Each structure stands twice: as structure tokens, then as C-alpha cells.
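Common to both upcoming complexes is chain A, partnered first by chain B, then by chain C.
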Partner chain A sequence: MYQMRLPPWLVLLLPAFVILLAVVAIPLVLSLYSSFTAFQLTRPETITRWIGTFNYGKAMGDANFWAAFGRAVLLLTLALNLEMLLGLGLAVMVAKVTLGQRLLRTMMMFPMMFSPILVGFQFKFIFNDNVGLLNNALQSLGLTDVAIPWLVDGNLAFLAIVAAEVWTSTSVFAILILAGIFAIPQDPVEAARVDGCTPWQTFRYVTLPFLMPFIYIAMAIRSLDVARAYDIVQVMTAGGPARRTELLWTLIGRTGYVDARMGYANAMGYIAILLSIVFTVYFFRKLTTARTSLGMGD
Partner chain B sequence: MAEVVLRDVVKTYGALPVVHAINLDIAHGEFVVLVGPSGCGKSTTLRMIAGLEDISGGEVRIGDRMVNDLPPRDRNISMVFQNYALYPHMTVRENLGFSLHIAKRSKPEIAKAVAEAADILSLTPLLDRKPGQLSGGQRQRVAMGRAIVRHPDVFLFDEPLSNLDAKLRTQMRVEIKRLHQKVGTTIIYVTHDQVEAMTLADRIVIMRDGHIVQIGTPLEVFERPVNSFVATFIGSPPMNLMPATVTGGALRLADGTALPLPPGLSAHEGQAVQFGVRADNIMPEGHSLPPTAHMAHVDMPVTLTEPLGTETLLFGTLAGTEVQAKMLNPRPVRTGEVLRFGIALDKCHLFDAETGASLRV
Partner chain C sequence: MDQGRTHRIRRRLLKGGHFLGLFLAMSIICLPGLWVVLNSFRPTVEIMAKPPVWIPTELNLDHYRAMFGGVGEGGVPVLTYFWNSMIISLTSTAIALLVGMAGGYAFARHRIPGKAAIFVGLMVTRAVPGVALSLPLFILFGRIGIIDTHFGMILVYVALNVPFTIWLIDGFFRQVPKELAEAAEIDGCTRWQAFWKVEFPVARAGIASAGIFAFLTSWNEYALASQLTRSLNSKTMPVGLMDFTSQFTLNWGGMCALAVLMIIPALVLTFLVQKHLIAGLTFGGVKG
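The block that comes next holds the complex of A and B.
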């Protein structure tokens, strides 16, 4: 009987292909396809109703979507810059510590070890206007006697979310920058001191350029992270009040699963992914430039 | 424009002393070389002068100022490091001008100083390159240029040539000497290479285990080493040392060979000594310098030859010790050939066998 013989390399690779197909390719194609249909989760037959680029056009004209998009960019900008500054400061200080540095480094990682959902709950409690830690502390210290509506006022709520993000992830910057500090060659730093630099000038002109590649790596990692922010926001404000903290993925999640308009949600999702891609490409470009300028490229 | 004075300068790392109360007076405009084997504390000393290491004890003065507690930027020194220590993210031009930029000099002033330094060191065509695009020798020149643009009071060099190949090292050595002649600034130069020390220095400071062993001009330390360490460290090939005893007014080598006592040396009867003779002072007859008043003669079989062109190094064994001798106007020599060697006794040395101290009076 004729038996088909596959070449061994194909046989060996086949399981990997099958798994990749099942978990990546098919969902990707399916979701992309559904973004061109009027697919509603509650009416499965709608997945065959092809409506072309209608969903994309709708998203483009949707003020709520663009508001969420803008807020996501704002969150990225605020959170990344704050985390960078705090992480840089933290790393510089920890690098100076000689006794117990290991312990400090480990402690620095603690915020990353908590589930974002729990961080969300914790910060929701901290910022609660009645029983929250923050208002209690402010009132006890006599700094204010009104209950500041942290999560009720749209702008304050947004800042509260920034605070939670920064708290969880500053250590990403701190750890990477610390690694950078340990990797800095001492010679140029000493040359700078002899060349007349104050400690600040040494940091500014010599240390910092050496740290930039590490900062950009942290930025790239964190930009992906923040661009898909969902859990903390969902727990703390669920996008409220009145959409004032709505981000891309809370909006997309609600559209897809609450409103059941999955086709539309997928279309917005694909536009949102562009944001992540743009930021990642941007930071990798910067990384390459920084490395090349240090003669580390190619 | 300044002299540098070290008074009882001590460096300890924790409880470990690495520099022991050294004293050194360096005159304005002098070229002083600190030389010694690896780990003897040369860099540490230099870095204390630079302000890159704390001074554990004693006093460092530059000009008329005590600088112990001044940061490097206030000492008006510049330093050339072994690994060049260029700023990799800056162009050659920016590297050269950096210290002036920090000192807030005007742009045209910086440009002029950079152009001048670049000209002295032939760096002009490289000004827009980054250090990563330069060869080792070019980087070294940039490092030197960076040091000279500031017109400091003192130049500090820490083994600046040790990463270069032999040919470039010789070339740069000459450039450094020329630079010193041109700018006339005080230079303190650290090296483990005695040839560099001999060729560059006005005065050599020989260090060992954190102590200064001898200070002197190149000729002084070459001709009058204070102990057997200096004798073997300075000069190439190193001075031959043979164990001997002083008996009956003569020098008796380990195998019983008797030589007259070299003149100008004080050794008492029965003293165990090391007899020191440089290759230049033990030469085969007919291939030697004109004989001096105090000659001794020995027969020695040749075990190995190293022809160097104008002269040949001969290896032989005398009284159980390997000895290197020099042959002028060389002719081919077979291994095993026994030659008669003349020893110029008045150029020879005796060192106490125990302390190594020179017995020259």
C-alpha cells in the first residue's frame, strides 16, 4: 500500500505549527475578519454579515473612541515620564547604598509582584472619598477638612489611575536603570571629574548618555504595558465617572462584551494596536540611536 | 605651573595599607616617572594626586595649595588614563573641548584651543569622528589632546601606552617627550615599563610594595642602584646577580672562582653578598669595549645566543648562575663554545645577600 512519507523536519515542526495556528493565527484572522462584519455576540449568525469597512469608518468618526485614544496617549506620556524620573532617582540612590543593597533591590520589586486587579482595589480604597486612606490622612494632618472626591472628579480620578500605574511599575525603570548604572565604565566618569565636572555635570554629560539605552528599553516595555491598560482602570473607575477615565481597552471591552458589538470592538482593537506599535517602534528607534551614539551599535 | 609635594602620604583600603608614607618633591616643569612592578601602588599614588582616591594620611600639595580635600575639578590637573577613557558619545572635537565647555569658555575660544591641540597631535582630520571609529593610537592621542587643551598645572599619565603595540608605543613615547618640551608643564607619569621610565623621565621614582625605593635621574638609578631590586628592575637585560662571599680580600663565587673585589665597595670579611654585573660589563675578549683599569677574566661556555644586529646577547653559566653577556661587533658563536670574558670590575656592584642593600660607599 502506498504510504505518504513526510520529511522528518516537517514532522518535527508540525506540532508547533498546529499550536501556533490554533492559538495565534486563527483568532487573529477571525477577529480581523469579524471587524469587517456586523458580528454581535448575542446573535452568532451576524458573523456572516459582511459590512466592509463600516466599523472602521464608524470608529474614525466616534468622538468617544478618540477621547479614549487621546486619554491613552496622555496616560502613556504621564505615567512613562513619571516612572522614568522616579525610577532614575530610585536607581541612583540605591546604587549609592552599600549596606543592604540586595534587600533594597528586592524590596523595590515588590509592587510588581501584586496582581494589577488587587492594586486597583487597593488604590480604589486609598482614594475613596469617605473611608480612603488619603483623605483620612489629609484631614488628620489638618491639610483639608473637605472630603476630596478623588475618584468622582474626572481629572482627579485620572490622576489616581496614573498614581496606581506609577506605583506598580516604577520598579521596571528602577531595575533596568540600576543594571545600567552597574554597567557604566568608571573611566569616562573619572575623566569627567578630572575635566572639571561637578557631580551633577558628570551625571548629566556622561552617566545619563550611558543610561539612555536602558531607559529606552524600559520605555518600550512599559509603553506596551500602558497602551493595553485595562485591569487597574476597570477596577478603580470602570472608565467613569461619565467616561472621564475611559481608555481604549475599557471602551473596547465594554463595546464587545457588555454591548455585545464584537465586530465594532474588534475594529477599534485593531486601531488601538496601531498605537502600541507606533510607540514601540518609536522607542526602539531611540534605543538604536542611543546605542549607536555610544558606539555600541552594529 | 606648579610643583607637587607629597608628605608622608598613606593609602589604606580598610586595614590594608597599599601606600606607606611616601615623600616626594616634584619641581615645576619636571617630568617624573613612577615605575615599579604591577600592584606596587603607582596608580593609587597618582589617583590620590588627581583626587580620585581619598588620601588616608599625610599631605598632597599642588603649587602652594594643600589639595587633600579638594575635588579633582578644583586641582587644575588633567589625566590620561590607561584605557583612554574617552567619552564614547562625543565626537573627537567634543571630547577635546569638553573641559573648556564645562569651564564655560566662549565658543570661539574653545574652537581655537581644540584646533591648536588637534594640530599638535595631528588629530585635525579626525575631529568629527566618534572614539569608536578610531584606532588605539588615535584614541590615545585624543586622550592626550583632551589633557592639553586645558593648560593644566600638572599632567598625570597612568600607563598611557600599555595598550598600544610596540612600534606605536615607541612613537608615542617620542611624542609625549616632545609635548613636554613644548608645553613645559609638570608631568607625573606612571608605568611598569622601565624602558619608558628611562627614556622619558627627568627623574625616576622606583616603587615597590607601596614604598619608594629610590629616586634619581635615569643615569643615577642605572649606575648607582640602591639595592638589588632596583639593579634588576632598571636596565635591559636585567643585571646579572651571583651569590658570592668575601674572603681574604677577594670575591669568591659559589663554585670557588675568585675575583678581585670591585673598587669603591665596602664589604667586610666573610660577608655573604650578591655580585652584580650588567651585560654591558661582561664581554668576550675581542668583542668588547676598551679594557678599564680593573678587569677580571673568566672562561664561560655559551649556551644560547640572541643576535640583535649591532650586538649579540650571549647566555652562559657562571658559578651555577645564568649570566647574560654582550658581544659587540658580533661574529657567529656556536652553542657550547667557550669564550674568555672580561669583566669591568669598576662598573660592578655588590649587594648584601640578606637585605639586598648596595655596598657602594
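The block that comes next holds the complex of A and C.
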């Protein structure tokens, strides 16, 4: 008897598809539907009240939403660039070490093991204006005698959050770039040196282009993780003081769970998801171009 | 002569700068963590002291005793959280690796129509943050009745980890020459044996690094766990951390002790597969 047979690749990929469908796709469809309704968490019957694109229109005209949107983009740009530069520096320094490099590599990975929520508490403690590590250190060293209100002042709080983000994720860049440094073929580097390039020129025009794919991978991974900022920000400032550090996801979380306006929260969520998809696709395309220019592609 | 000397001085300066920079960077990376460890051994009075006490005068195990004894402030049942975290993270990592290996192998070895689109589609599922998923998942899981169970959390974490696992493992299988498995088959292995005995061992480093990432993600996840776990049945450690906070106060010492307990397994595991990690990432992500 002839049996219908699926192609082998589909059989292999099927478990992945099924599980992603169940846990990601179906919930997303549900929340897409609810974003067109007046759904309120406290009144389950409102989920059937269809109000069309009202929620989206409201989000478009909401100054708080756009402020949070802008701040999220700012945080992402600032954090990713800082992480890239610091990670590059760190990787180059670690790669030069010969003795004890394994230990350094393990130490470098240290922040990656911290739960984002733990990082939040840790930095909340460090930046505490009264008993925090940073203010204590500054005061003991005699650099200042006032308690700097790190988490109370809006701008300083934003910087504190950037610092926490950079601390956790620089190692992602550093490790990927380190992997890249080890993978660089030595011939072009030596050729450049023979041709009389200064060390800086060698680095800028030979080493760096080889590292670019690795940097784009790190960027792609990190931009997928924008939402990680939720845990850290939620713990450190919860979007305060007076919404000065409100990011997209803290705003959405609050609108959804605290104000119980879930339909509206989901509408904002969809706009936010679109943002991270744009970033991700952008970096993936960059990655593909960088790969093909180096002949690493398919 | 003079040129030689300036050259020597410059080299010494560079070396010193390198050492200093490395030392500074490593301090910044390690100090916050060490501070947490130190505070977990200090009495709360000393942590909160003003003016600060820099050199600890008294170290004790009070916070650990309170934590494991389930007594003291709040009586946080830490051991239960620990086991919940362990079971959920290990099981979901194992399943994610199996699913990821199947998927990664398919991507690496088979011609798939619309491969690039499927691939980006998989990755995009990761762009959906926990907060956005938590409510619809809460409603769905509530209907099926798997809220606050290990099974529900494992399911969620497998889905969270599968895309990245597939990506890493795919790149790694591509590094394994097709001829290896073909040769094994000619020598009398079945397709299955050729995979387990030849291709799998060669790709082990990549699988190990995918595993560590999956484990760390599940072990540390908070946004989803905080909504989908309600009680001792399935509450994980990141959610348990919140037990140390109340409306106006924070039990720093107790929190630091739990933090140490959270970091140790992650540290041990990372150290074990550290060797494979760099190799795994090199081949996994880039050359793929």
C-alpha cells in the first residue's frame, strides 16, 4: 500500500514547528485579536467587544507611548554601541594574554550567568543613593560629600540603567569577537605587516573586516534581547521617577497588568514587536552581506 | 641608538597599559558579583551601615541558615524553588537540544524550499518578548489546566530556546563534512548509527555551547515565570527572589544568599563547557 510520506526535512523540523506554534504563534494570534477589542483584565467579558483599530490609533496619539518608544531606541543604540566598543577592547586585550587566558575567559563570562532580575537588584543596590556601593565609595574617597541621587534623578537613572545593561551584555560581544579573533587566518595579517602597515592600519583594514560578521551576530542576538531590559528596568526604577526611564515594555506591562487595559497593552506590544523585528532583520542582512564579502557564505 | 630606546619605552608603556586595562576591566566585571557574595555573609546591620563598613568585622552564615531553615523573615522555601528551577531548566534544555538537533540537522543536510525565510521566521519568534507572551499564555494555559505546573514551564522554555539552538547546531553540522557520514554508511552503518557514532561526536562542541545558552536562559528567566507560576508547585528561583522584597523594605542579605545559590550551578556548568564554548560559537554562528 502506498503511504503519504513527508519529506525528511519536514519530519525533522516538525517538533520545532509544533512547539513554536503552540507556545508563540497561537498566543500571538490571541493577543493580536485582543488588541482589536476593549479587553480589560478585570472584566473578561470585554474580550468580545470589538473596537477595530481604536487601540492602535490611541497608541499613535499617546505621547507617553512615543516617549517610551524613543527611549527604548535610545537605550538600544547607546547600549549596543558601548557594548560593541568595550567588547572589542576586552576581546583584543584577552586575546593577547598567553598565561591564564582560560581563567580570564571564564571570568569574562561571569555577567552572563546573572539573571537579569538579579542584575537589576544588584545595580539597584550599587546605585542606591543612601547605602549604595558607588556613593559609599565616592564619599569614602572624598570625591564628593553629597549623596548623588542616581536612581532618583531621571537622567542619572537612565545612565544607571545603561550601565547595568552594558555590564551584563558586554561579555556577549567580547566572547563572540574573541571567537572571531581566533578564527582569523594569519596570512593576510602577516602580508599587511610585510607591506608596511602600522599595527593600527593592520587592525583597522585587515582584522576588523574579518571580525564584522561576529559583531553583527552579537548585534542580532542582543537586539533580539531588547526585552531583557524589562527585567532590569522593572527592578531598578519600574519606569520611574515620573516616567523618566519608562521603556516600551515597562509601559506595556504596567498598562496591561496594573491598569488592566490589556487590549491597549497588546496593541502597543504589537508595535513594539515590529520594532524588534526590524532591528533583527536589519542585522541579519548585514550579517549575510559581511559573510558573503568574506566568502564564508553558502 | 636613541630610536631603540624610545622603542623600548613605548613597548613597556604598551605592556603596562595592556595589563592595567585588563585589570580594570576584570575588576569591573567581577566586583559587583563578589560584592554580592561578600554581603551574603555579613549581618544586615553592617550592609546598611552609614558610614559604610569597608572591612567586614563579622562574617557568619546567618543568611544561609535562615534561607535553608525556612525561618526568619518571610520563611522563603528556597530548596523547593531550587528543585523547581533545576527540574524545569534541565528538562527543557535537554528537550530543546533534541528538537534543536533535529532541526539543525535538517537545515544543514537537506535542501529545504524557502530555507532563508523559514530561518528568519524561526529567529523572529525570539524577538517576541516574555511580557507580550505572558498574558495570552496565561489565558491558554489556564484553559488547558497546565498553569503552575512543571510541564507548562518546560514547554515555554523549550519554545524559547529552540530557535537559537537550531541556529547554533545548524552551523556546526555544516562544518562536519558530508563524506564522513557517507563513508560510515558504506562501511555498514545504518543512517542512524552514522549520525550517532560519527556526526554527533564531531559536532559535540557546538551542541555543548547551545546547551549552556539554553540552560542559562531557562535558569534566569523571570518575565514569563512570574506570571505562569503561582505557588510552590512550580515557582522558580528568579521569581523566589521577589519573596525577599516587601512594600518598603528589601532583605539584602537574604537576597544575596539566594543570589549566590542561583549563580553556583550556572558557574559550574559554564566552567565545564567553557572549553567548547569559543569553538562552538566560532563555527556555529559565523561560518554557517
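In the analysis below, the second predicted complex is superposed on the first by the 272 of 298 C-alpha atoms of A that agree within 3 Å, B and C clash if a C-alpha of one lies under 4 Å from a C-alpha of the other, contacts with A are read in each partner's own complex, and residues count from 1 in each chain.
Simple rule for what comes next: a residue touches a chain if its C-beta (ideal position, glycine included) is under 8 Å from a C-beta of that chain, and two chains touch if they have at least 3 such contacts.
The structure presented is a predicted model; accordingly, all values stated were derived computationally and were not measured.
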- request: Mind checking the superposed model to see whether chain B and chain C fit together on chain A or clash?
  value: fit
- request: Mind working out whether A:140 is in touch with chain B, chain C, both or neither, as first, second, both or neither?
  value: second
Message: If we overlay the two complexes on their shared chain A, which of chain B and chain C does A:97 touch? Say first, second, both or neither.
response: second
Query: Looking at the overlay, does A:251 come into contact with chain B only (first), chain C only (second), both, or neither?
result: neither
Task: Go through the superposed model and pick first if A:196 touches only chain B, second if only chain C, both, or neither.
output: first
Message: If we overlay the two complexes on their shared chain A, which of chain B and chain C does A:80 touch? Say first, second, both or neither.
response: neither
Message: Let me test your reading of the model: by the given contact rule, A:172 touches which partner, first (chain B), second (chain C), both or neither?
response: neither
- prompt: Residues of chain A touched: more by chain B or chain C?
  reply: C
Query: Which value, in Å, gives the least CA distance between chain B and chain C in the superposed three-chain arrangement?
result: 8
Task: Find the residues of chain A that appear in the contact set with chain B and again in the contact set with chain C.
output: 296
- prompt: Which bits of chain B are touching chain A when the two form their complex?
  reply: 50-52, 71-73, 77-79, 81, 83-89, 98-99, 102-103, 130-133, 146, 150
- request: Would you pull the chain A residues touching chain C in the complex into a rising list?
  value: 7-10, 12-13, 15-16, 19-20, 22-28, 30-31, 34, 41, 86, 89-90, 93-94, 96-97, 102, 104-118, 121-123, 125-126, 130-131, 133, 136, 139-140, 167, 171, 175-176, 178-180, 182-183, 213-214, 217, 220-221, 224, 226-227, 230-231, 249, 252-253, 256-257, 262, 265-266, 269, 272-273, 276-277, 280-281, 284, 291, 296
Query: Which residues, counting only chain C, touch chain A once they are in their complex?
result: 18, 21-22, 25-26, 28-30, 32-33, 35-36, 47-52, 54, 98-100, 102-103, 105-107, 110-112, 118, 120, 122-133, 135-137, 139-140, 155-156, 158-160, 162-164, 166, 216, 219-223, 237-238, 241, 250, 252, 255, 259, 262-263, 266-267, 270-271, 274-275, 277-279, 281-282, 285-287
Task: Provide the residue numbers of chain A that touch chain B in the complex, in ascending order.
output: 185, 187-188, 190-198, 201, 205-206, 209-210, 293-296
